[in-house]
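The structures considered in this document are given below.
Okay, so subunit A shows up in both of these, paired with subunit B first and subunit C after.
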Partner chain A sequence: MASLLEIRGLSVLFEGKRGRVAAVEDLDLDLEPGEILGLVGESGAGKSTVGNAVMGLIDPPGRVEARSLRFKGEPLDLADEAAMMRLRGRRIGMIFQDPLTSLDPLFTVGDQLVETIRLHLGIDEKAARARAVELLGSVGIPDPEARIASYPHQFSGGMRQRVVIALALACEPDLVIADEPTTALDVSVQAQILELIRDLTKARGMGVILVTHDMGVIAEVTDRVAVMYRGRLVEEGPTARVLGRPREPYTKGLIASVPRADRRLHRFPQPPGQADAAPKAIDLGSHWLGAGTRRERSDVPVLEVEGLTRDFVLRRGILGIGEKRFRAVDDVAFAVREGEVVGLVGESGSGKSTIAQMVVGLLRADAGRIRFAGTDITATRRERDLLPVRRELQMIFQDPYSSLNPRLRVREIVAEPIRFHRLASGEREIQGLVLELLAQVGLGPEAARRYPHEFSGGQRQRISIARALATRPRFLVCDEPTSALDVSIQAQILNLLKDLQETLGLGMLFISHDLPVVRQMCDRVAVLKQGRLCELASTEELFENPQHPYTSELLALMPRLDGLAPAPAGALDGSSEANVYG
Partner chain B sequence: MQDAEARSLGRIARLRAGNDVLDSFLSTPRVVIAAAVALLMILTAVLAPLIAPHDPFDMAAISLLDSELPPAFLEGGDARFLLGTDSQGRDVFSAILHGLRISLMVGVVAVLLSMALGVTVGLVSGYFGGFVDSVLMRLADVILSFPTILIALLVNGILRGVLPSTQATATAVLVLVLSIAVNEWVQYARTVRGSTMVEKGKEYVKAARLTGLPPRTILRRHVLPNILSPVLVLATINLALAILTEATLSFLGVGMPPTQPSLGTLINTGNEFLFSGIWWVVVFPALTLVVLVLSVNIVGDWLRDALNPHLR
Partner chain C sequence: MIFLLRRLAQGALVMLVVALVAFLMFRFMGDPVRGMLREDATLQEQQELRDRLGLDRPLVVQFAKFVGGALQGEFGVSWRNQQPVMELILDRLPATIELVVVAMIIALLLGVPLGVWSALNRHRPQASLLQTVSLIGISTPTFVTGILLILVFAVILGWLPSFGRGETVEIGFWRTGYLTASGWKALILPACTLALYQLALFMRLVRAEMLDVMRQDFVRFARARGLPTRLVRFRHALRNALMPLVTIAGMQVGSLIAFAIVTETVFQWPGMGFLFLQAVQFVDIPVMAAYLVFIGFIFVVLNIAVDVLYTLIDPRLRTGGAGAGR
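What follows is the complex of A and B.
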């Protein structure tokens, strides 16, 4: 039987004034019917570009070259736009990452499905509608007869992605290209969508190319996996083999740097060839970073949160009549001791970021109390009275691309808090401290005179950390500090945060949706669901013996490599780093 | 991840376009010429007292015997008066140079004033929101719902009533600048308010708030530098607009007095003589105005496109 898709020598080139960039270089791939092929790699690896090239969606100045491209044995002529139009939608379906933007908000999902079906299959309105209902039912939308008249915004994210899948399947395509189909979704929804894709693939005998950066997703559903790095295919083979016994060093590193949920390691393993940004050991007693900070070690909590509640107004009413409110955080209480790391986990909408914003004082609480080192943040109205708290309580943000002012040099960004809080005497000391802080996060002195846009995502996140340290804080709130980064960079940043936390004895509130990361980082973990605290326990207890049913559910849904991957010690060079300590 | 990928593709696209602002400037001859003309006019305006062949304000130096002479290149022209003379015997060329000076001065000061006012209002409105925002923006709506000239005339009328000696140059300039600025700050305020609201939501502003910086510092140091490029575009285009408004007001007789004429005043006084055949008194100042406004506008249009990331 002929391959469903046969790619030989595929290159995608971008020609520019200052040279040529090959987004994909000389790639060979095969896909059989009924097979799910995972295309995995870090950002910039060219994995999405492969999908777009096969769909004929590369626009000039991009240029696609291939020795041979065959779809069901027939040559695929990307230059013939009319022929590609007939293929797209009908024989090749596509599922994009964001279900919000891939549906037209002005039409009901029924209209969109019926139009697609009629256009491609040429059947009448009534038959098309019946088919649409059937499709919605088959992707697991309850009561499809009624839901077909709904608009996209009336569906939740997961349901919307199901509609997108229904749309992609509308004409029974032979090949579906799914580009990060679950990246924007919560784990529970992700598990359902992945299962749906797998079932449909097997039932219909179609081929699926699943583009993702998530090794967990790859392990969960794919039959074969192709690993890409900088536009080239590094390794390809059956999923169990590639994940279990990777041959190439790059694949080994990629797999090793995926945080593990099954036990606690001392450090996050790094891919080979990447050095740790290990901060220098410093003596807090004499070092600037330790000076002037009240840091009596005790079991007295540094951060106490009681009965914290916050509503968001969805619709304004007149004098409260007709007002619609949404309770984002509902009566949450927890405490963090000096030098302790407490994790906040939960799915999107569980209120974890809202709590973070209230703790640092970016958002007011409607009810409840937040006490930091004896100061009641919720009761303090004047910004000036908050200054001591501001200095000791800092935050690391999620998006390294928007968390640094693009118009300021790194030197200025890091110096500003020192200058403002008068933590140094004179400009010379300030400049010295800036270089020292940059060194602490593993950046050289030349970084100081550059602008943020000259740095990669991981480097920018380190600059953010240096800025947060510049106030000599005793407590850090980290809101998804690595979810915008690649996994190899993630390990670096997390190790850095962990080292700094230990060296400086920082208290930390660590917010993440990524359970394996939380397991490695935190001493205790709080699980949130729809604004309420479900469970708060020590990390070991929570992962090994969850008490709340929702916690067990979250743990069960987490895609894992554990069954497939070897012990990380084997995959690492210098395995001394991987000593088990939990 | 998708974002990062999109960014790297964006980098590739930029690499291809190679579209630095300077590149784009040099590769558009229209803009280079317009910028050169505008610069030349600004220079002559600044240096007018030095390079003008006559002093049109020196009553002792002008002679009625020289009145209504045609331009030097026409029959009956006098080599001393390049573009001819008006009914009082003043040199039209020198009058234009001095008029240009006053027109530009009013335009630039009006733009600076309205920019300062508008940017401040926009920053405050966008950053604090709520009640302050509502009040300021409703005020802006009210101003926008009246025709520009009407408001300018109104302000003009009030100020002339309040301020003594409106014939003095300084007062006349002040009145004009205020009449124009009252209209134009609104555009800056709206643009800046929108950009400020966008920047305010970004994490670097949140980080500045967490450092404890007061709003004044956050706005000046963090928000302002990031919202300046649309303001610069607006300022260039509004400079042309301000010069035109000034000319209109002067033409209507409520601007600069005939003793200290701007381009508008020159056109106004020249207009009366158009039908008696001494066309040069009105045509040359008018041409100067057209060329000035046109070249500033061309530069402004180009700047808008060059700084707009969506068009690059």
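What follows is the complex of A and C.
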């Protein structure tokens, strides 16, 4: 039988000011009916570009070249827009990453379904509507007859992704290209969507190209996997073989850098060829970073949170009548000891970021108390009285692309908190400190002269860390510090944070939805669900012996490749120099 | 519903503040008695007028009376020609409204298609040329445009009149120029003058919005669903791109009514702007105060209208802010 899709020598070229850039270079791929092929790689690997190229969605100045492209044995002519338009949506469907933006907000989901169905199947309005209801039902949307008249914003993210899948499947395509279909979703929703895709694939015998950067997802659902790196195919084969016995060094590194959920390693393994940016050892007794604060690892809590509650007003009423409120954080209590890392985990909407913002004072609590080193933050009204707390309590944000001022040079970004808190005696000392802080986070002195946009995501997150350290903090609040980064970069940043935390004896509140990361980073973990604290236990206990049913559920849903991937040799617990490839 | 009530309450509050400013202007910018009487009026005549106008009563009472009068369209009598102010405004209003309506229609009918076209063909040289020309359109002062148009079409070519409204027909209190040929001829030049800036503004706005929307995921997804280009562009992209235009166009109608002054002066157009200018020259405080309240009212009404319109077009606003919950 002919392959469903046969790609030979595919290249996608972009002509730019700096010459020609090949996003994809000389790629060969095959896909059989009923098969799920995973396309995996880090950002910039060109995996999404492959999907767009097959759909004929590469816009100028991009250019697609291929020796041969065959779809069900027939040659695929990307230049023939009319022919491609007949294939798109009808024979080849596509699922996009972000369900929040892939539907037109001004039309009901029914209108968008009917529009697509009528166009491709040429049936009348009534029959198309009946088919739309049936489709919505088949992707697991409850009460489809009523929901068909809803607008996209009236669905949750997971439900919207189901609508997107229904749209992609509307005309029973033979091939579906799913571009990061679950990246924007919570684990529980992710598990459902992946199961749906797998069931539909098997039931309809369609082929799926699943583009993702998540090795866990690959391990869960794909039959075969193709690993891409900088536009080239590195390795391809059955999923179990590639993940279990990778042949290429790049694949090995990529697999090794995925944080493991099944055991605790001392350091995150990094892919080969990456410089390990371990901070220099510093003696806190004499070093600037240690001055002014006494830090012994003790059982005295540095941060205490009691009965913390916060509501958000959804709809304002007149004099409180008709007002609708939503309790984002509900009576949460925990404490973090000096030098301890406490993780906050939960799905979106669980209130973890809200707690972080209240702790650092970006949001006010409606009720409850936050005490930091003896000062009651919630009771102190005068900003001036909070200055010492603000200095010692710093935050690292999720998105390194928007958390640095694009108009300031890195030197100014790092120097600003030092100046503001008057931590240095003069300009010369400040400049010296900036360079030293940058060196601590693994950036050279030339970084100081540059602007944030000249750096990659991982480097920007290093700048954020340097800025947080510039106030000589004793406590860091990290809100999903690596969720915007690739796995290999994630490993570097997490290692850096861990090293700094240990060297400087920092207390840390570490917020993440990624359980494996939490297992590696934290001493204790608090699990949140819809604003309430479900369980707070030491990390090992929580992962090995969860007490709360919700915790067990979260652990069970987490996609893992533990079963397939080999334990990185040497990277065993406790051995301090565990970086196998570094 | 709650939303509409709240907007109405806010509008009322704004109007009250505007009325206060107008009242203070009326009361404290020069002595109204001096303004209304002859130079050689006796002290007794002055006192009588003071009593009649209630100028000796407490300010709060006077303000209440002012607001009460304003609610019934009572703004007193013009100092200049002793006509009731409201009559003067209603007399001039149709001229301005007709001018603004035609200017708006020209601007929208040309600006939107040009904006869409230049967004869809942005790599063509014509599109860049259009961008440059629109920049000139935005930065040329209205009086320059007006005078140039008069020079070409009235003075050199002699095709169109350079001032006035032409012949008008009265329908009730509304005096319209739409029903006569000379009325239309007289309307063309001022309307084009007024429309030019709006046209350039709308074109640039629609172009920018369209470019933005065309980059969004739902447009790419619409293409991936196999929708033909025409549907993708005009059903999905254009509708989303036009949303901000509703706000901008609504506000522009307000400012055209309020600030058509320059155009009306250049073309001697007997509209409200012209009336206001005359009032300023003669320090005709009642007319100025009434004008202020009236323009404030128009802006408040337009604002509420735009908000209501927005909830009608955008389903995300219709169901209240808390959409995503389900």
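Some observations on this one:
Convention: the second predicted complex is superposed on the first by the 567 of 582 C-alpha atoms of A that agree within 3 Å, B and C clash if a C-alpha of one lies under 4 Å from a C-alpha of the other, contacts with A are read in each partner's own complex, and residues count from 1 in each chain.
The rule is short, and it goes like this: a residue touches a chain if its C-beta (ideal position, glycine included) is under 8 Å from a C-beta of that chain, and two chains touch if they have at least 3 such contacts.
This one's a predicted model, so the numbers in the text were calculated from it and none came from an experiment.
Shared-chain residue A:87: touches subunit C; no touch with subunit B.
When the shared chain is aligned, subunit B comes close enough to touch A:416, but subunit C does not. In the overlay built on the shared chain, the residue A:169 is in contact with neither subunit B nor subunit C. In the three-chain superposition model, subunit A touches both subunit B and subunit C at residues 97-98. By the touch criterion given at the top, residues 14-19, 21, 23, 42-44, 48, 61, 97-98, 179-180, 183, 213, 360-362, 383, 386-387, 390-391, 393-395, 397-399, 401-408, 416-417, 420-421, 457, 464, 467, 471, 484, 486 of subunit A touch subunit B in their complex.
In the complex of the two chains, the subunit B residues touching subunit A come out as 1-5, 7-9, 12-13, 15-18, 202-204, 206-214, 217, 221-222, 225-226.
On the subunit C side of its complex with subunit A, the touching residues are 2, 5-6, 216-218, 220-229, 231, 236, 239-240, 313-316, 319-326. Within the complex formed with subunit C, the subunit A residues making contact are 55, 57, 85-90, 93-94, 96-98, 101-108, 115-116, 119-120, 151, 153-156, 159, 164, 167-168, 170, 314-315, 317-318, 322, 324, 326.
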